[in-house]
Amino acid sequence: MVNLSGAISLIGGFPALAGVDLTVDDGEIVVLRGPNGAGKSTLLRLCAGLAPLNGGSGTILGHDLASRERRRRIRRETGLLAHQTFLYDELTVEDNLRFWAKANRADPSTVEPILDRLDLGGRLRTVKISALSAGQRRRASVAVMVCRRPKIWLLDEPHAGLDQAGRDFIDEIVRHAVRFGATVIIASHDHGRVSNLATRTVHLVGGMVTGAEDGQGEGRSVS
Amino acid sequence: MTDLDLTPRDVPTGGSGSLRNWLIVGALAVVAAFVLFQALTSARVYFLNVDEAVAQRADLGDDTFNMQGTVISEPMSTGEAMVFTMTFGGENAEIRHIGAEPTDLFKVGEQVVAKGHWDGTEFVSNQLLVKHSEEYVEDNPDRLDYELDDNGNPVHSSEPTDGTTSDGSDDAGQ
Amino acid sequence: MTSTSSKATYVVGWAAIVGLALSLLFALVLSPPEVNMGDSVRLLYVHLPTIAVSYLGYGITFLGSVIYLRNQSPFWDLLAGAAAEIGVLFTAFVLVTGAIWGKPTWGTYWEWDPRLTATTVMFIMYLGYLAIRRMDLPQEVRSRRAAVVGIIAIANLIIVRYSVQWWRGLHQGQTLGVDTQLDGLMLFSLFLSVVAFLLLGAWLLIHRFRVAWLERQVEDMRLARALSERRGEAGGAALGGVVS
Amino acid sequence: MFRDAWLMASKDLRIERATRVGTGQILPFGGLVLILFGLAISPVYQVTVAVGVRRPMLAQAAPGLFWITVLLAALLALGRSFAVESTDGNLDALKMAGLDPAGIFLGKSAAVAAQLLALQLVLGIGAFILYGPPLADPVLLLTVVILATLGITAAGTVYAAVASGLRVRDTMVPLLVLPVVAPVLLAATKATEAALFGPLDNGWSWAMLLGVFALLYAGVGMLAFGPIMEES
């Protein structure tokens, strides 16, 4: 699924990734851990085909990261849940979902059930994103991911700023996605919680992988 | 929420629109070039020639515009105004210029642009600009004369009109 | 490369100096005054060569931009940027010499003539191009956007070049064409000064390009150091991790 | 491509309907500019336009003043159009959705054009009231307004995209867009003069020039938007 060797990625002239070696297999739940500025977010963006590959080599889902044409493909087959919502603040939850569903060429008829299942139906449906709480926004972003049904889920601090119910929701959706055949990479500080999920924990410091350990998560590790 | 289908989706390939874009752009360019040619040949941007200005005299009224032509009469001073005749395309126009003196280049045989308006059959000009041609002729005291071609444009002749001296030094650039 | 000069720039530089000195001699002393313009015709020997250098600069910018978009090579990106700077510099010079020349010949410094207006718009557009190259964006993004504009902006050059043929204006037509109308020594003086100014432009371009190239190398060196520092960070932390 | 364009345009217009930046801020700004021009050029100034016919200078200058006002309003609308995309990483999200860049370009231009046309309807009525020019050829005027708007938005969208980015200064948009649309200002003013005061000059050939400009920049934008949007 993910195969990086010596991957270097520059963000505004700074080597956010300084030579990452990482292999992630189908069905794994890999947790990235490391201090602030270790390069976790950039690694996720690299896997999403957004951050540039400036050195080393890598393939995502078999597509070469060095090719711009292939990177476009990678972007469409992966899903990123980032610090930003990837939603239009000025539009309502429902309008956002409908727009992004169409933009991603997803089946528009799935929007309705997804809103209901993710507790975004009813009153919240017609509320602008800018008026939502942090947890509700995260839910709305996840709802777009659910519409897209990516092959690799890239989650950047998905639990940050959420209450207990919100965190449980994230965990549940991750397990659910893996059960359906997705692969998940999570960047997180919160290791007490995510280590329950992880099939493997990878340590990232200074833009490099410094260690890894297996976890007891419920992924379907094939290796 | 266990009933949500999260099976990874096979993203439709949606052919790269690159070729189609090129085709569209090519078609647009052809259309544009054609229309541009049409538009450019009819757009009057800067001046009217004397013959056009004369033909449109009624329409132009008191409008201020630029008129281009060749000076064919020695300018005469009448008090504050300078009066001379301009020609182009077989039409002549009397110019009464009131305003700053034109440059030294202003003389009989030169093409000039007069900025002003019709006042009856006379053209009242406020500014006279000398339109130098892309011909650069060596200053030779023997030869200061000119001829006009059929359109009333000056022709630098190698033969002085008085016919007394012949001049063969200027053919290099012509 | 640690210096912006080389044997080649020496040769080009000296050739430019000799050429400029010679054209000074021809333009100011040996070539005759013009029958109507008198001595002010001598501005031709500065005005036309500078716009020639400008055209060439913008042409190189266009070419460099096209090639850069194809292969992402920093060489062509930096060359395009350097050439645009030379082009803008010489266009400014053209506008100034044109105004100075316009007063004694036409009778005005400025007139809303198609070529004058188009040249000024072109000047501002390439100023915009240079501004894009200074935008606060990642270097590749900036270069790619600049390249797009460098390609589009060539339309201006074509408009300026043909403005005297497409529209009626005050400006004289093409001076150097198939039916060139310049008397003997004038043509030679003009030819000489065009060559001299092109040499000057080339000399400036090579140096400006090399400065940009060195700057890029400094950036790369800074990057290499940042990379090793970052890896050091990782090594230290990994060691700490093992100990604990 | 056209499907993506429609999607983007309807989304942008939906945002406009929700926020009313156009009607609440850009339109009052345009009206203000029209009034300021009226203050700068006193209504008592007269110019002679034909034998024995004098007209207020303000009426005579109305075409130029109107189009400058539209250009200024267009700068705001274009800036707004890309500000919406650069917040909250939506440009990244558009890329991850795999939308056709040409479609994004067409959609965003169309949305800005629609807003500008609505704006010009109001500003145009305002200009007629404030400046009081005659109207000789309404069909030509309508044609000019549509073609000039398409030209301004097509060229403007290309350059506003070039100037867009989180940390990029707002001053880039006017510097890049204004010189590019200078020919539109010239042609639109000339054609509008013809439409208002009568067929003195060839108004339709100027209108044709506007159409050519719009077509050319539509093509340029469709090709250029891919490289411009590609962030790395």
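Chains here go by letter, A, B, C and D, matching the order in which they are written, and residues are numbered from 1 within each.
Following the convention adopted for this analysis, a residue touches a chain if its C-beta (ideal position, glycine included) is under 8 Å from a C-beta of that chain, and two chains touch if they have at least 3 such contacts.
This one's a predicted model, so the numbers in the text were calculated from it and none came from an experiment.
Comparing per-chain C-alpha centres with the mean over every protein C-alpha atom, the closest match is chain D.
Averaging Cα coordinates per chain places chain A and chain C 47 Å apart.
Our note on geometry: chain A versus chain B, Cα centroid distance of 64 Å, whole angstroms. The geometric centre of chain C is 32 Å away from that of chain D, both derived from CA atoms. Multi-chain contact residues of chain C (touching two or more other chains): 138, 140.
Each of the following residues of chain D touches two or more other chains: 98, 230-232.
Among the residues of chain B, those touching two or more other chains are numbered 11, 14, 40, 43-44.
Because contacts link each chain to all the remaining chains, their graph is best described as complete.
For chain C in complex with chain D, the residues that touch the partner chain are 69, 121, 124-125, 127-128, 131-132, 135-138, 140-141, 144-145, 147-149, 151-152. Residues 158-159, 162-163, 165, 167-169, 172, 175-176, 178-180, 182-183, 220, 224, 227-228, 230-232 of chain D are the ones touching chain C in the complex. If you check the complex, the residues on chain B that touch chain A are 1-9, 11-12, 14, 16.
Only residues 4, 7, 11, 14-15, 18-19, 84, 87-90, 92-99, 230-232 of chain D touch chain A when the two sit together in their complex. Chain contact summary for the complex, chain B toward chain D: residues 11, 14, 17, 20-22, 24-25, 28-29, 31-32, 35-36, 38-40, 42-44, 59-63.
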